[in-house]
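Here it is: the structure, laid out below.
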Amino acid sequence: MAQLLYGGAGVVLFALGLWAFLVYTPLLRKLIALNIMGSGVFHLLIAIAERGELPPDPVPHALVLTGIVVAVSATALALAMGRRLEEDEGGR
Amino acid sequence: MSLESLLPVSILLSSLLPGVFIFLVKEESHILRGVLNMAGALIKLLLVGVMIWGVYRGEVYETRLTLAPGLDLVLAADALSVLFVTLSTVLWLVTTIYAIGYLEHSPNRSRFFGFFSLCVSATVGIALAGNLLSFVIFYEILTLATYPLVAHRGTPDATRGAKIYLAYTMSGGVLLLVGAIWLQAITGPVDFTQGGYLGVLSEGLHGPLVAVFLLLLAGLGVKAAIVPLHGWLPQSMVAPAPVSALLHAVAVVKAGAFGILRVVYDVYGVGLADQLGLLTLLGILASTTIIYGSIRALSQDGLKKRLAYSTVSQVSYIALGASILGPIATIGGMVHLVHQGIMKITLFFCAGNYAETLGVHNVSQMDGVGRRMPLTTLAFSVGALGMIGIPPIAGFVTKWYLGLGAVEADAHWVLLVLAASSLLNAAYFLPILYRAWFRPEPDSWPKESLPQGRFETMGALLWPPLITAALCLIAGLFAAAPFSPLEWAELIARREYL
Amino acid sequence: MKSAGGLVIGAFVLLLAIWLLWVVQTAIDIGAGPRLAEQAFAGLPATGVSNPVTAVLLSYRGYDTLLELAVLLAALLGIWSLGAASPGFQAAGAVLQGMVTLVVPLLILAGGYLLWVGGHAPGGAFQAGALLGAAGVVMRLAGDERAGLPPLAAQRWLVVAGVAVFVLVGIATMGLGAGFLAYPIGWSKWLILAIETAATVAIGTTLAAAYVGGRPWSHADVSGQS
Amino acid sequence: MVDSLALAVSVPLVGGLLATAIPKRAQALGLLASLVAVIAVAWVLVGVWQEGSLRSELGGWAAPLGIALVADGLSAALLAMAALVALGVGVYATGYFRRGDAAAHFWPLWLLLWAALNGLLLAADLFNIYVTLELLGLTAAALGALTGSVEAVSANLRYLLVGLLGSMTYLLGVALLYTAHGTLDLGLLAAVIQPGPVAASALVLMTAGLALKAALFPLHFWLPPAHANAPAPVSAALSALVVKAAFYLILRLWLDVFAPVVTPWAASLMGLLGAMAIIWGSWRALRSERLKLLAAYSTVAQIGYLCLFIPLLQALPPGSERDDLFVALVLMALTHGLAKAGLFLAAGLVQRDAGHDRIDDLGGTAQNMPATTFTIALAGTALIGLPPSGSFIGKWILMTSAIESGQWWWILVILVGTLLAAAYVFRVLSRAFNLEPTPRRFVTQARTEVPALLLALASVAVLGLAADSLWRLLGMGEGA
C-alpha cells in the first residue's frame, strides 16, 4: 500500500510535469516541468525499492542517482543554450 | 568464372567503365576522352561479335549475381537479346563518331559522353537482362542516364523537355515495377523462357495476369511511345542531334519496344497472351499509334518534330508484329527493331547535319539542300524511302513480312493499317525529298558555316549517315544472307515457336 | 483558443494519470517478488564495498555510471562551445567573504568525507562531487570569476579525469584478461576508490565550470588560438 | 580476453577525452581515434559474421544484476553503417571546419556522440539504453548548435527539450517494467513478458518517447529546423545516425522484446503513421526552398518507409519470407543512412560555395561542382529507391510482402512516395543543367568532396550489388 501511495505520487508528479511542459512556452517553465516529470519517475523507482521488512532493493536507488546526474547535465546545457539565446536577443 | 559467364558482364562493362572514367577526365583532354570512347565502342563490338557466333552455335552465356534471396541479377544472351545488343553496339559506335564531331566546340563534354556511355550500358543491360527484375533495373537506370542527355543544353526549353521526359518515364517506371513485383509474387523468381513461362499457371490466376500485363504494358508503353503515352517524345526533341538519334533509334523507344517483345514472347508466351485477349489489345494500341503518329507528322514543320512523330508511328510496327499470332509476323516485328533503328538514325544524323551546317531546322527551309549537301541528302532519301517501304530498302522487308503474317493469321485489317500508314509516310516524307532535290536553293543559307575540306560538311558528321544509309540498303538487298537481321529474326522466331 | 487547447491537454493528462495509477497498481501486484535485492546483497563481498548502492553504481552497473559521467562531460562541452562565460559577480563584502572562507573548506572537507564513507554507508562520488561543485558556486557568487577553478587548460584535464580513469581501468582489466571493468579480486576496493576519487574531482569541476556558464574569457586559452 | 564490444564504445570515448584535454591536437587525435574505432567496429563485424552474435557481460556480472553488451546481425550492420558515416564525416570535417576553435569544439562532442551511438546499438539493458540515449541527445543538440546562430541554437534547444521529454516518457515505461518484472535485461524481459496492461502501457510509453526522438510523424516537427541549421557534418550524422538509432530501439522493442504484446491493430497504426510520414515529409521536401531543409524533410519521409515494414512483419509468420522482409528493412535503413549522410555533406559544400542553399538559385554552383552534384544525384537515386541502390531491393521485397500478405494499400503509398521523391530530387538536379561555363575538373576539394561521394556511392553501388552478404550477416536466408 505504501508502495502504491509513493508510486502514485510519482505518477501524479509525472502527469503534472507533462501538463506543464505541454501548456507553457517559457524555457524555464518547460525545464522545471521536465525536472518534475523526472522526479515523478524517480519517485516511482524509489517506491518500488521498498520491500517491507527486508532491506530495500539497491538497484533502483542507483538508477535514480544516475538519472539525477543525467537530468542535471541536460538541464545545465538547456539553460546555457537559453541564456545564449537571451544574450543574442538582447544584443540586437 | 568461366568465359561463358564473363562475356555478358564484359559487354556491359566495356561501356560502363569508360563512362565512369570519362566523368573524371578534365574538360580539355579531348584526345583521352576520344580514346576512351572509341576503345569502349570497339571492344564492345569485338565482344558482341564473339557472342553472335556463340549464340548462333547454341552456346549459353549467362552472368548471375544474387542480390538477395530470390532476386538474381541475370545477364544472359539468347537470340533476341543478341539482335538488340548488336543493333545498339553498332549504332553506338557510329553515333559516338558523330557526337564527337557534332559537339566539337560545345561545353560540358565530359558530362555528356559520360552519360552517353552510361546510357548505352543501360541499353545493353536491358538487352541482356535474363529476368524481369534485371530488366526493370536497367530500364530504370536508362531513365536516369538519359535525363542528363535530354537536359544537356541547359536552356529553359531543354530543362522543360527533360522534366516532361522524366515525369512520363518515372510514372511508367513505377507501374512497370509494380507489375514486375506482382508477377514475381505470383510465380516466384523465374528467368525469361523462350515460349513464355506463365502458360502452366491455373486459370484462376488469369485475372491477375491480365492486370499485370496492363501494368507492364503501361510501363513499357511510355518508353515505346505508344499513344496516349507518347507525349514526352516530341518534347525531348530539344536534345542535341546525337541524343535524339540515340533516343529514337537505339536506346529509349527501343527499350520499350524490346520490353514488349520480351513480355509477350518470353514471359506470357504468344499462346497465353492470345488466349487472354492481350494480343488484340496490343494490336489495337499499336495500330492506333501507327496511324496517329503519321497523321501528326504530316502537320509538323520542324524537321526533328516530324521525325519524332514518325518514330512514334514506326516503333509500333514492332508491337504490331508481336500482336499478330504466327511466326511470319513475329519475324516482321523483330526485324523492324533493327530496320527502324538504322533508318531512323540515318534520318536524325542528316537532320543534325542540316541544322549544324546550314542552320536549317524546318521543312520549309529545306529548298535545294540536295544541291548544297548531296551526300547527306542522299542518305536522307534512302532513310525516308525505306520508311515508306520502297524496295529494296530495309523498311520494305518489314512491311512485307508484317503483311504476309497478317494474311496468314487472317488479320486482314492489319493490311489496311499498313497501307494507310505507308500512304501517310509517303505524304510526309516525299514533300521533303521534293523540296530538297527539286526546289532552287535560296540566295544564302542562314548561319552557314563554311565547309573545311572537300566535303559538304565535316567528315565526322558525314560518314555516320552514309554508313547507316548503306546499312539500310544492305539489310534490304541481302536480307536472305546469313547473319542478316532478317535471317536472325527467323532464328528467333524458330526458337520462340518451337 | 489557447485555454481551450490547455483544457484538452489537461483532460488528456488527467486520463493518462488515472490510467497510469491503475497500471502501477497492476505492476506492483505482478512484481511482488524480491527483484534484484537478494542477488545484489549476495554479490556484495566480491565487490569490495559494503554499501549496496555503491556496489550497484561502481561494480554491478559500473558501465552505466561511466556513460553517465560522459553525459556530464558532454553537457559541459556543449556549454563551452556556446561561447565565453559572462563576467563574474562583484567581489563579496566582508561578511560574505568571511562566510565563504568558512563554508568552502567545510564543503570540501564534507565532500572528502562523503567520498570515503560511500564504501560502506550512504555517500559516494556524486554526493561528494556535488558538494565540491557547490563550493565552486559559492566562490563564484563571492566574486571569483573562475569559481575557484584552475585555468582552462587544467580544467580540461580535470573534467575528463573521471571518465578517463574509469575507462582506463576498464581497458586495463580487459587487458589483464578479466573483461571490461571486471575488477580482480582484492583490487576492487582500491580500484573503486580510485575511480570514485577521480569522479569526485571531475564532477565537482564540471558542475562548477557549468555554473560559470562558458569558456573562461579573461584568459588567452589554447582553444582560441590555433 | 579482449572484448571488441567494449572497445567499440570505449575507443571513441577515449578519443573524445583526449580531444577535450588537448584541444590543439583535437583534429589529429580525433582522426586517429576514428581510425581505431573503425577497426574495433570491423572486429565486432567479423565476430558477428563468424559467430552469429556476440555477448559480453561487463564487470563480470551476469544479467539481471550486471549489464551486458550484445551484438547481433542487426546491431552489427548498423554499427558498420555508423562507422562508415563517422569516418566520412571525420575526414570531411578536416576540410570543412576552417577555424581551429570550431574543430576543437566539434571533435570531442562528435566522438562522444559516436561512443553513445555504438553504446546504444550494443546495449541490452533498458536503463543503459536510457543513459546512451541521453548522451546521444545531449551531444547531438550541442553539435547542432555549433554554428551559434540564433536559428541553430533555438532549433536545437527545442530538439534538446523534446528529446528530454522523450527520455522521461521512455524512462517511465522502464520503471513500470522493472516494477512488474524486476529485470532490465532485454533478453530476460522478452522471456517473461505477458500481454497485459503493464506491458502494453510500457510499450506505448517507450514507443512514444522514442518516436519523439526518431521524428516519427506527427512528432517530427522539431527535426527540419534542427537538422537544417546544424553544420553540414553534424546534419549528416544527425539525419543518418541519430534518428535511425531511436528507430532501431523501436524496432528492437516491437520485434524482440514485446513481440507477444504487439497486436495487428497496433502494428497497422505504426504503418499508418509511416504512410503519413512518407506523404507529408516528401511533400514538404518538394516544397522546401532550401536544400538542407529538403534533406531534413526527406529524413522524415524515410523514417516513414521503415515504419511501413512493421505491420507486414507483424502479419507474416516466422519463416524465410519474414526473414527476407526483416533484412530488407535493415537494407533500407542502411541505404538511407549512407545516402542521407552523403546528401547532407554535399549540401554543406553547395552552401559553402554559393553562400546560401536556396534551391532555385543554385544553378552556377551545381554546375561548377560536378563531384558534389554527382553526390546529390547518387544519394537521390538511393532516396527515391531506384536501382541499383539498396533501397530498390528493399522496396521490391517490401512490395512483394505487401502483395503476399494482402495489404496492398501500402503499395499505393510507396508509389506516391517514390514519385514525390523523384520530383524533389530532380528539382535540385535540374539546376545542374544551365548555361554556366563548363567546370574544368571533376573534384575541387578532395577532402570534403570525396567522402561525400563515396558515402553516396556506397548507398547505391555497394549496398545494391552486395546486398546478399547482409543476409549472411544477419544470419538469414540460404547463407545462414
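Labels A, B, C and D are assigned to the chains in the order they are written; within every chain, residues are numbered from 1.
What we mean here is this: a residue touches a chain if its C-beta (ideal position, glycine included) is under 8 Å from a C-beta of that chain, and two chains touch if they have at least 3 such contacts.
Small disclaimer: the values here were computed from a predicted structure and weren't measured.
Hopping across touching chains, the smallest step count from chain B to chain C is 2. Annotation: A-C is the more contact-rich of the chain pairs A-C and A-D, by number of C-beta pairs in contact. Distance between chain centres (mean CA atoms), chain A to chain C: 16 Å.
Work out the mean CA point of chain A and of chain B, and you get 69 Å between them. Averaging Cα coordinates per chain places chain A and chain D 28 Å apart.
Inter-chain spacing, taken between the CA centroids of chain B and chain D, is 42 Å. Within chain A, residues 7, 14, 18, 44, 48, 59, 63, 66, 70, 73-74, 77, 81, 84 each touch two or more of the remaining chains.
Among all residues of chain B, none touch two or more other chains.
Of all residues in chain D, those touching 2 or more other chains are 65, 127, 131, 134, 138, 141-142, 145, 148, 153, 172, 178-179, listed in ascending order. Under the stated contact rule, the graph of chain-to-chain touches falls outside the line, ring, star and complete shapes. By the definition given earlier, chain contacts exist for A-C, A-D, B-D, C-D.
Contact residues on chain D toward chain C in their complex (touch as defined above): 1-3, 6-7, 10, 13-14, 16-17, 20-24, 56-61, 64-67, 100-101, 104-105, 108-109, 112, 115-116, 119, 125, 127-128, 131-132, 134-135, 138-139, 141-142, 145-146, 148, 153, 172, 176-183, 196-198, 201.
Interface residues of chain D facing chain B in the complex, by the touch rule stated above, are 320, 324, 327-328, 331, 367, 370, 374, 381, 386-388, 392-393, 396-397, 399-400, 403-404, 411, 415, 418-419, 422, 426, 429-430, 433-442, 464-465, 467-468, 471, 477-478. Taken in their complex, chain A has these residues touching chain D: 7, 14, 17-18, 21, 27, 30-31, 34, 37-38, 40-41, 44-45, 48, 59-60, 63, 66-67, 70, 73-74, 77-78, 81-82, 84-85, 88-89. Remark: chain A residues 3-4, 7-8, 11-12, 14-15, 18-19, 22-23, 44, 48, 51, 54-59, 61-63, 65-66, 68-70, 72-74, 76-77, 80-81, 83-84 touch chain C in the complex.
Those residues of chain B that touch chain D in the complex are listed here as 23-24, 26-28, 65-71, 73, 107-111, 133, 136-138, 140-141, 143-144, 147-148, 151-155, 158-159, 162-163, 166, 170-171, 173-174, 177-178, 181-182, 184-185.
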